[in-house]
Amino acid sequence: MQSTTVRIGFVTVSDRASRGEYQDLGGPAMQDWLGKALACDWEPVPRMVPDEQPQIEAVLKELCDQQGCCLVVTTGGTGPARRDVTPEATTAVCDKILDGFGELMRLESLKVVPTAILSRQIAGIRNSSLIINLPGKPSAINDCLMAVFPAVPTCIKLIDGPWLETNDDFIKVFGGC
Amino acid sequence: MQSTTVRIGFVTVSDRASRGEYQDLGGPAMQDWLGKALACDWEPVPRMVPDEQPQIEAVLKELCDQQGCCLVVTTGGTGPARRDVTPEATTAVCDKILDGFGELMRLESLKVVPTAILSRQIAGIRNSSLIINLPGKPSAINDCLMAVFPAVPTCIKLIDGPWLETNDDFIKVFGGC
Amino acid sequence: MQSTTVRIGFVTVSDRASRGEYQDLGGPAMQDWLGKALACDWEPVPRMVPDEQPQIEAVLKELCDQQGCCLVVTTGGTGPARRDVTPEATTAVCDKILDGFGELMRLESLKVVPTAILSRQIAGIRNSSLIINLPGKPSAINDCLMAVFPAVPTCIKLIDGPWLETNDDFIKVFGGC
């Protein structure tokens, strides 16, 4: 019998954090946020990788295909610098890209910093999993999730994933049963 | 002598509507809207296809290349689900993609529903034809056409198509003679 | 010893201007704007090319690779017409595309004209150079640079270029020393 517990992947992409030279703040911030948002049983599947495209692709595939995560969120590696390759890795493993996520996240972040336009963060679908790139900074992670999450449960349902029950007092999502 | 009547293609993309299991609401909604907007002589060329990329590509090519439509609007198949492939088909037959259309349509739709970011609708140019993906829901079709149509006559003129005369009391377009 | 003078490339893309049938207004408008914005020593490297993708690619590569320009701005060739190929040339020579630039420039231009959605202008990174497509019209060049330039010095720094000192009374940029 298959477990009904929802699994969510958390990927910290950072050369320094994966070498232990830097404390991972993005990963815990994403987990905290989901902990407040979700009302259903769920289980985090955390991963950490350096800014290497093949390794990011491999971890995204593992979380979607082997771990059965219906949602995978990443933090880091979306800027213009040479080592920033998270969007490239995400594009490579996805069947469809949802441009509206990146557009809305940049628009929200622009209210805070003009450098929001430097972010190449995207979201896409791999089979029945939704992958969303988030910024590195915890406050920006919060702003982006607040903006796009209202559409996330409907998205996951449309790709034949489970319905994510949420806490209405923390985040108001669209649809529901 | 070539007819000066403007021809406009209307493509309903839907598995269920093409099997007759579901009434096509999007196609008539698009035709109604254009009927109110256009002040010139024009002729609709309606088509219905299932959510199959090769069939959608074939009908888009036929409408642009054989039927001489300067504008082709589609409804349906732009979401994140596995069978949604209208944007893929549109991209495959277009020479240029105009990202501004999708961005603005999502922005307008976001005023109504947060799930607007799930729409992958795009617009593009094939030779002298403009192809625009629209949502499936009639009210969303109206919202999107109201937002982008002011730029449509100029666009068609720039790609060597006819100038579309419009009803100023219904929609205010940019440019004109 | 290498010069510390910042070099900036200015590319006017226009069939008519390059044949001398039309006065180049976009090139001087871009140079004027940068002249007001920059507080550091800088040197313009101006070029003019017809709307031919191989020639545009060649001049972009020369400005980035041989001339050492950390920033290259282009004017013209971003519309939907058959000869408009500046974004295609820019994409071809860039390692990364920064979608946020095009999104924000279109959003700003939409406040002025509804045909802003017809612009396919983009920005991207080639090694340590940032390339930005701008419109052809001087007033639109100003609107677009005002919108995106606050993020430009940070972007160039992130790709290992120099820090561009700016005039705070003309344009307020993010970051700085």
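Every chain is named by a letter (A, B and C) in the order it is written, and numbering of its residues begins at 1.
One rule holds for everything that comes next: a residue touches a chain if its C-beta (ideal position, glycine included) is under 8 Å from a C-beta of that chain, and two chains touch if they have at least 3 such contacts.
Keep in mind it's a predicted model, so treat the numbers as computed, not measured.
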Note to self: Do chain A and chain B, two copies of one chain sequence, contact each other through the same residue numbers, with over half in common, or through different ones?
What the structure shows: different
Notebook entry, point to check: What rotation angle, rounded to the nearest 5 degrees, superposes the C-alpha atoms of chain A onto those of its identical copy chain C?
Noted result: 120
Item checked: Separation of chain A from chain B, taking each centre as the mean of its C-alpha atoms, in whole Å -> 32
Next item on the list: Among the residues of chain A, pick out those that touch two or more other chains and give their numbers.
Entry: 99, 103
Checklist line | For the chain B and chain A complex, residues of the former touching the latter | finding: 79-82, 84, 99, 102-103, 106-107, 110, 113-120
Item checked: Residues of chain A that touch chain B when the two form their complex -> 96-101, 103-104, 125, 130, 148, 150-151, 154-155, 158-160, 173-175
